[in-house]
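Labels run A, B, C and D following the written order; every chain starts at residue 1.
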Amino acid sequence: MNPHDEHKEGIGGMANPGRYGIERIAYWLMRLTGLGLLGYFIAHIYETSNILRGQVGWDEFLDLTQTTEGHLFLTLVIGMCVFHTVNGIRVMLGHGGIGVGKPARPDYPYLPASQNSQHKIGIYSAIVLAAIAMVYGMAVMFGE
Amino acid sequence: MAQTPSIAEEKTSSAVSSSKSITLRIARFNPQKDSDTSFMEFKVPVEKWTTVLEAILDVKKHFDHSVAVRYSCRQATCGSCGMVINGKPRLACFTKISELNSDTVTVEPMHNFPIIRDLAVRFDRLFNSHHKVKPYLIRDDTDVSSDTKEILQSPEELEQFIQFSNCIKCGLCNSACPTMATDSSFVGPQALAQAYRYVADSRDKGKDNRLKIIDESHGIWRCHFAGSCSQVCPKGVDPAMGIQLLRGYMLGFRS
Amino acid sequence: MLRLPWYTEWLLCLVNKMRESHIMKIHYGTALAAIGLVAVHILMRLTQGFAESLEYESVIENYKFLPYAGLLEIILILLSIHGFNGLRVILLELKQGRIYEKAVSYGCVAAMIGLIAYGSRTIIMVNTGMI
Amino acid sequence: MVSSIEFDLIICGSGLAGLRAAIAAAHKNSKIKIGIVSKLQVMRSHSVSAEGGTAAVLFEDEGDTIESHIYDTVKGSDFLADQDVAERLCMEMPKQVYQLDRWGMPWSRRNDGRIDQRAFGGYSFPRATYASDKVGFFEMQTLYDTCQKYDNIEYLNEWFATSIIHDGKQFMGITAIELSSGTFYTIKGKALIIATGGAGRLYSFSTYALSSTPDGLDMAFRAGMALKDMEFVQFHPTGILPSGILITEGARGEGGYLLNNKGERFMKKYAAGKMELAPRDIVSRSMMTEINEGRGFKHETGVDCMKLDLRHLGDEKIKEKLGGIREISIKFSGIDPAEEILDVRPVCHYMMGGIHTDIDGATELKGVWAAGEAACNSTHGSNRLGANSTSECIVWGKITGELAVDYIEKGIPNNPWPHHLVAAEEKRIYDGIFRGHGDANPYEIRQELTDTMNERAYVYRDEKNLVEGLKKIRQLKEQTWKHVDDKAKEYNTNFTNVMELDSMIRTAEVVLIGAINRKESRGAHARTDYTKRDDANFLHHTLAYYDLKEPIMKTHPVTITKYQPVERKY
């Protein structure tokens, strides 16, 4: 089919950080972190299943992950987890209609009440908390 | 009697002094003929109040009669002229060249709508989605008899939905929405905002009916509160708010 | 090869009939519940000291502590549901079509059940001392 | 073979009148197939631009009367209205306002929950029912949305109707081009309602949508129906500069002042009783007199203008009741009406004239009705009062919709289809226009035409200018503009633009000839060489019939029931 038939913007248009502000960044960070966490979760289940291989098998596998790369990866997972959780709470509140503003006569120039500072603060906090958690995680893992 | 001078004459006589010109890049594409979009460039004179639509019509008038573009009211009430201007969905008649702060203005057809030709896109899907959410008052006594009076409604009750009533069906929101960018079955912010408009009307009794309609796999749940719809809406409708409030009913936060 | 448990068919049928709002309520519910439980899970690791908690002995010990194993099982179920439903949502929005959408739904439910089954196997086997 | 589709009822035009007719018909009989043919997407019709109000008597308990609405309308018309028609309008309207309410119209409300009304020009009671200052937009939305309830309405979005097909006795169908594909169609039907709106784009300074060209009027004209009272063109006092977009009369209804360069509310000289809320023809003339006598302003574009002061209304009231014009003036003119004074000038706003119909909206051709601004059932005579037009659209939309269904239900003789007429129409538009040749730029011809109308047939008129104007139009007609450079089929607006121009030239001629013939001043038609109303010679309607060379002009009597013409003073 001719791509112009539908003229959908596609995945590229979905990301689009420049045009639609921090809300759009939160949107795709949420997606990426969700997918990332799912990936990690599956890997984690597999990782723990190595316990069934007994002490040797477990230690063997543990050695594979206790590397600098492994720790960096875990740091990332911590960041993803914190962002996804905090932003997830924000999103759930929003989806429930909380903090999205009240309907009112709009006056030109129209500033959409749903794109308000509460939610922006929520997004920034998610990012900042994720960053803090990552630093803390690094301190724990590399600090030994 | 002193006749009034021609307005057109006066316009041209003053235009010379103050006008500057910009480059207008228009996306050209006819799916029946061309294999891909190309851009044509035109130098057009602009005043501080010249709108993008006026610039396009200037091109159509003087340089190339064949530019396909939809327009009518030229005052941001009919919803015809949505297009992507310098990368963002906007109304051409409601965007002044001067506010774009750029010597080059690029106009493209709206995303997420099939192209008919050049800047004109098909709206069938938007109209169908709008139709689907039953955008009318649902109640038993919609017909009047000789002694019918109004259904009382306080200004506060009116305030609950009037903002969503401002929708001109321009489709900019659907063009900006990230879900729409890949999901061609999504009902979209335009229709969802209209579902809310009627649900929130104190005269309406069709809430459950409508909530059921949008509760499907490509319904309201495909909105992730990205908010782009509200950011581009030229009429202050704020579909993102309407959608979340609607979902509030479904999650039991509101009744 | 992993064999799907007998209740798969039944679950698929249920999922097929569910309203999207029910699914999404479950999505939010699982997320909310997971917040608390995952916090406990991680805190327990941290209180034991991160490196020590990963020692073979301590891991086995943890698994054999029934409440903790239960916690792990619940987290496993909640996050599998949440995660694979999230994946389903993303895939559903990426591309449309009857067959594709069916495949996505069933695929995600199947993967979810598969992961739960696989994770449960570890928990049960360690907990009952089958290693 | 020409592609062909079929409906029972064809409604051409999807403004307030067209949509109201569709609902009336669909509601009356859910079996008949209704097709709404519109050259725009249905909900984009010009009616969305109506701002100020819809007139109806709602507060009889507070002193308003239907009788007063009728008399205001007749007096406003300078006694050229058919009084039985005006009566029908005023009697029917209250019910229609409540009907819209029940369909979801977001009328503005009083604190007690009742529908609010505001003052409007020429009325002796505040009876313009409003919804902020977007009345037409909300009405269109309400009607379009209500249409969604009916499964027997089909929407032919962006179909350009080109001609009416009949066998001399009764209506048979229309021809139209589907814009998106460029396909030429015949649409067969048993009945037709023409609701193609006004022709205000005949003037370059105009409040109308760019699509408001007379192609619908011209279609009926060519099919043998008469155009009535076309010389009466309404100039609204307050078109904002430089765009010409309307600043609603509601702005004055809410208390706005018109000022001259001495800072005076000059209306006290011309209509002391009503001041800024005198009927539009009077206010527009007063403004032009002030300008002509040197008490106007110059806008930065060099155009003469007057000032409209809303500052004393305060920011909150402006936001609440005039939000739309606030948006328009901030955006398009860079002026916040709460802080600065607006530059305004009389602007082409309404066509009192249109397709000649009787009180039921029936035209002279069996099976064809006309409603809304395209029709002239003579409600408005020589000057329409503000807020009476949307009312007219709604009332006659309903009436014609129902009558057309009655007509269809009675059964229509199955006469042979006049193939030759379709062939002739195809030849006219494809050989005559699409494949035409020449080097005159049709867009420039259109500009010249509208400039000429602005210059020669504006608020004040005289013999010399009108005759000059007519000469100029005929010169333009002779030039070689009948060609379409865009050869593609799909979405060819170049083609429709040239067809629009074709209809504009013919209609402009009718306007000018009517104006030349009417040697008196009445309502919106103000001649500086015949400054008095002349009931002895001109208390009649003008009719124009199509002929190859030039229109054939006739007259038609005015229906007077209760109110004998008296001098019109405010």
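One rule holds for everything that comes next: a residue touches a chain if its C-beta (ideal position, glycine included) is under 8 Å from a C-beta of that chain, and two chains touch if they have at least 3 such contacts.
Computed from a predicted structure; not experimentally measured.
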Of B-C and B-D, the pair with more C-beta contacts is B-D
Chain centre (avg CA) closest to assembly CA average -> B
Per the C-alpha centroid definition, the whole-Å distance linking chain B and chain C comes out as 43
Rounded to the nearest Å, the gap between Cα centres of chain C and chain D is 66
Taking each chain's centre as the mean of its CA atoms, chain B sits from chain D at a distance in Å of 25
Whole-angstrom distance, CA centroid of chain A to CA centroid of chain B, is 32
Where chain B touches two or more other chains at once, the residues are 161-162, 166, 182, 184, 251
Where chain D touches two or more other chains simultaneously, the residues are 132, 327, 331
Multi-chain contacts in chain A, i.e. residues touching at least two other chains, fall at 11, 95, 105, 107-108
Which chains touch? The pairs are A-B, A-C, A-D, B-C, B-D
Within their complex, chain B touches chain A through residues 29, 31, 36-37, 87-88, 109-115, 121, 159-164, 166, 175-176, 178, 180-182, 184, 200, 224-228, 230-231, 233-238, 240-242, 244-248, 251, 253-254
Within their complex, chain B touches chain D through residues 1-11, 13-14, 30, 32-33, 48-49, 51, 57, 60-62, 65-66, 68-80, 94, 96, 116-118, 120, 122-123, 127, 130-131, 134-137, 139, 141-144, 146, 148-155, 157-158, 161-162, 165-169, 194, 198, 201, 203-204
Chain A partner, complex, touching residues on chain C are 28, 31-32, 35, 38, 46, 50-51, 54, 56, 59-60, 63, 76, 79-80, 83-84, 86-87, 90, 94, 115, 118-119, 121-122, 125-126, 131
Counting only contacts in the complex, chain B reaches chain C at residues 179, 182-186, 215-219, 221-222, 250-251
Listed in rising order, chain D residues that touch chain B in their complex are 40-41, 43-46, 48-49, 95, 97-99, 101-104, 106-115, 132, 134, 137-138, 141, 145-146, 148-149, 155, 157, 180, 204-205, 209-211, 242-243, 245, 288, 291-292, 300-304, 324, 327-328, 331-334, 441-444, 447, 451, 454-455, 458-460, 462, 465, 484-486, 488-494, 497, 528
